[in-house]
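These notes open a run of structures that come right after.
Next come two complexes built around chain A: one with chain B, the other with chain C.
Moving on to the complex of A and B:
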C-alpha cells in the first residue's frame, strides 16, 4: 500500500508532512524543493488533522490521528514513517467523570521557546495539552479548561476547536491561543491565568450575542509584539501583543479565509488564501490565488503562477498552509480537493506536489539540520 | 461567477450534469465526447446531491439542491442552466405534525416506464416521492413511509438514505428501492405494498457495534467495518 520506500533525509533536505481525512503522507526533497518523493499513506483510513516535527537529538514525526476504534491520539515515528508508535490507550485525555471526551487533535506545536522536548496540543473540545517528553504523554492545562468564559464558548461548524497556539519567542511564559468560535486568549505566567485579547475584532455576524471566530493566528518573525490573524469575519494585525487589533483586509478580494502564514525570518511578510464569504467558501471567481503582503498587511499582491487560472473551487483549511525555514522561504498548501501545491520562491510560482490525495486537513514542513 | 456561456445542445450532443457539495456544473460535448464545455457553478455554495434530465416536449434539467436557508428542494431549468426555478417553499415535504423533516434529496429518477412526466425522488430520511408534472410538485409514497420495518432501519454514516430506485422497464408497477443501511424493497402493485427483497442474508460480525449492514447501489448487501467506511 505504501507508494515509496523508506525516507532517509539528509541535512538540508525538506520534509513536508500532510494529514488528510484518510491518512498521512510524507514528502521529501532536497533544498531546491523541485522533486519530491512521497511516502504513504500512513494511518490509512484514519483522519489526521495535525502533524508536527520534533528536532533535537533524534528526529521525530508526530501525528494527531483519529482511529474510529481507539479515538484520537498523538502517534509518533522516530524513523521517518517506517514504524509508528500508537498509544491506543490514549495520551490526551480529559479528567474522568467530567463529561468531556476528545474529538480531534487540531494542532501540534513544537520547536517553540519552551524547548525541543515540549509539544503543545490544541484539541476539540477546546483545550490545551502539554507534553514535555516529545509528544508521548500530555497533561491538561486546567486554568484554561476551567476558564469562567467557557460556558459562553460556542462550537463553530468544525466543532469547538483550539486550533492556534503561539509561544512568545523570547519569553515562553507568554502564550496566545485561538479557539473557534470563542476567541483569543493570552497568558503571561506560563498558562496559570488566561485573559481574552480581542479588542478591535468584529463579532461573528451570524451569531447574535456574539462569539468571536478566529481561524488562524501567527506571530511576526522579527517583532514578537506583532501578530496576524485570519478570522471568520476579517483579516487583522496586532502591534501590541494582542491588546488591540487593526483590520488589514484592505486590498484583499475577501475578508474570509482559513489559513494565515508568517514568513519564518522576514518581518512583515505574510500570506493568506481568501475565499468568497460566507455561504460559498470557494476562491473568488473560481480563481485560486495566494495573497502576499510584504508590509504587515498594508498592501497585498496576488500570486497565482502555476495555480489553476479558472474553474478552481478548492478550499484551503486552517492548518493546511505553511512555510519552511529556508531562504527563499518555501510554501506548501493542501486543498479539500486533495491537491498539494508547493512554492520554492515565497509564492511567486507554484507547482503541484500531489494531485489525488484525500481531502487535506493539515500541512507542515521542516528543513533538516 | 459563471465560467461559460449558455449551453445550447444540439441533437446528438451529450450533457453531463455534476452535483457537488458547493454547487452544480454542466458539461456539454458532441457525440464524440472528446471536448467538453463547462457551465457553472450553478447554486454556488449549495450542496447538490442529485441531478436528472426530463425530456419530452421540452428539455428540463432537475437538481436536488439544498439551501442552508430554505432547505432541500427540487429546482429546474428549461434552458440548460441559464435560468432556474427554485421552489423555496419546498416541493418535497413530509406530513405536517410528524417528526420527519427533509434532509437531502439523494436521487432523482426520470425517463422510466412510468412516462416522461414522472419523476421519482429518493430522500433522507428514507422515503420515496413521486411527481407527475416533471418535477414541480411531489407526493409521498405512504405505504413505504409507514412500512412496519421502518423502526428497524438504521441510518448509515451518510444518513438514512433512499438512494436507489429501479422501475421495471416493461411493467412499471414493479419497482425496487434501496435504502442505506436498511435493505432492498420491492413492490409489484405500483407502490401500494412493499416487501423486503429476498437476498443473501447479511452476515453478522462478532462485534456488531463495529459492523454495519448496508446495501450498495447495485443491490448487494454488505457488512462493512466501521474503520473502513467512506
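Moving on to the complex of A and C:
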C-alpha cells in the first residue's frame, strides 16, 4: 500500500471510494487490482455515508459529507480528490415550513439510462432527491415525499433512511426505492406516482402491524425483471419486477444481513454477508464469510479465503459492499472495524486494503474508461 | 454589534474572524436577524448555522455577551448595539 496525496487514474484503472465516520479515502489500482495507492483522509472529521462517481465528459467524485456541527451536503471533486467543492448553500434541503430537516445523505446513485448528468440521492428523513447538473443542485421528489403511507413510516435504528435506489436499465421511468423501516416502492412514470411492492416479504418480528425493513435492493445484470433483496428478516428474489418475492435464504447461515451485491454482467450471481440476527449483528461464530450464489439464490457457497478464520466480529453495513465492472469482477467491502477487503476473483480470495480506518460506512468503485 | 466567526466557518466569510453589524444605540435585533444579516453578505454561513427550517443546528451554540442563547430565547434572543455574539461549535460528541 502506498499513500498518495494525488491520484491520477488511467484508462483501465480501478478507483475504490470509501466513506467512513471520520472522512473519505480513495484507493487506486490498475486492472490487476493487486497494488492500491491510497489518498486521504478527505473531509477529515466528517462522516461520509455516501459516495458516487459521475462519468461522461469529465470525471467527478461525489461525496455526501456530514458535519455533526454544520450539516450535510453533497460535495464534489473534479480532480480525484486533489481539490473539493462544497456548495455555498446546502444543496439538499426540505421545503421550508414542513418541519423536516436533512439529517444525512445515505446513498448517491447514477445510472446510464438516466443520462450522464443525473444523480439520485436517498436521504434521512426518507426522501428522494434528483440532480440534473452532476450533483451540484438537487430537487425533492414530491410525490414520494407526500405519499399517503408516509405517516406510517417508522425510523429504524439507523434512522428513517432511503437507502436503495434501483433504476431499470432500459426504462429509466421505472425505478424502485427501499426505505428502512418502511418498505419498497416502485414508480413506472419517472417518479410521478409510487406504489408499494412488498408482496411476499415478511415483517419483523412477524407481528401484525409491524413495518417492513428492507436493507439493500439490487437488480440482476441480465434480467431487469429480477431483483435481489437483503431484508431485515430474510433474503429474497423477485422475478416479476417486485410484484411478488420469494425467499432465497435456504443455505445461508443467517437470514439477517445488511448488504446485497449483484454481479455487474452475469445474471444470477449475487453476494451477501450474513450476520447473526437479531440483536447481535456479527458474523456467525465469529467467522466472517461472504456468501455467493451463481443461480439466483437457489444455492449458496461460503467464501472466506483471506478473511479472518476466527474472532472476527465486525459488521458490514449496507452501503459498504460493492462490485466493480471488470471481468472477473472485483469485490470490495468495508467493516465497522475499519478494515477494507478486496477480491479480484469474484470473492474466491480476499486481501486487506486497509486495516485501521475509522468505521466504514460506504464503499463504491468504478473502472476508469 | 460584533459577530465572532469560528475558524471552521471563516472560509465562508473570506477569512474574516469578526463581522460588525452597524446598529443605532437604541436599536435591538434578534440573534436570528443578526445571523441573517451576516448571511446576506456571506451566504455560506446560513445553512451551516441554521437548518432548512430556520432552526439553530443541534450542535451549534450561540453565545451573546457571555450567555448561551439557548437559555435566553435562542434565535429570538435580543442583541443590542454593543453586544458581542459568538457562533461556536458545541463541545458535544463521544459517539464516534
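In this text, the second predicted complex is superposed on the first by the 359 of 369 C-alpha atoms of A that agree within 3 Å, B and C clash if a C-alpha of one lies under 4 Å from a C-alpha of the other, contacts with A are read in each partner's own complex, and residues count from 1 in each chain.
Following the convention adopted for this analysis, contacts are C-beta pairs under 8 Å (C-beta built on N, C-alpha and C of every residue); 3 or more make two chains touch, one makes a residue touch a chain.
Everything numeric in this text was worked out from a predicted model, so none of it was measured.
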item	value
Touching partner for A:47 - first (chain B), second (chain C), both, neither	second
Chain B versus chain C as contact partner of A:313, first or second or both or neither	first
Which superposed partner A:10 touches (first chain B, second chain C, both, neither)	neither
First (chain B), second (chain C), both or neither touched by A:21	second
Chain B versus chain C as contact partner of A:68, first or second or both or neither	both
Touched partner set for A:359, first chain B, second chain C, both or neither	second
Partner chain in contact with A:94 - chain B first, chain C second, else both or neither	second
Chain B versus chain C, judged by how many residues of chain A each one touches	C
Chain B and chain C footprints on chain A, overlapping residues	67-69
Footprint of chain A on chain B - complex, ascending	1, 3, 20, 22-23, 38, 41, 44-45, 68, 210, 226-229
Of all residues in chain A, those that touch chain C in their complex	21-22, 47, 67-71, 73, 88-90, 93-102, 358-359
Parts of chain A lying in touch with chain B, wherever the complex brings them together	45-46, 67-69, 279-282, 285-286, 310-311, 313
Interfacial residue positions of chain C with respect to chain A in the complex	8-9, 12, 43-44, 46-49, 51-55, 57, 59-60, 89-90, 92-93, 96
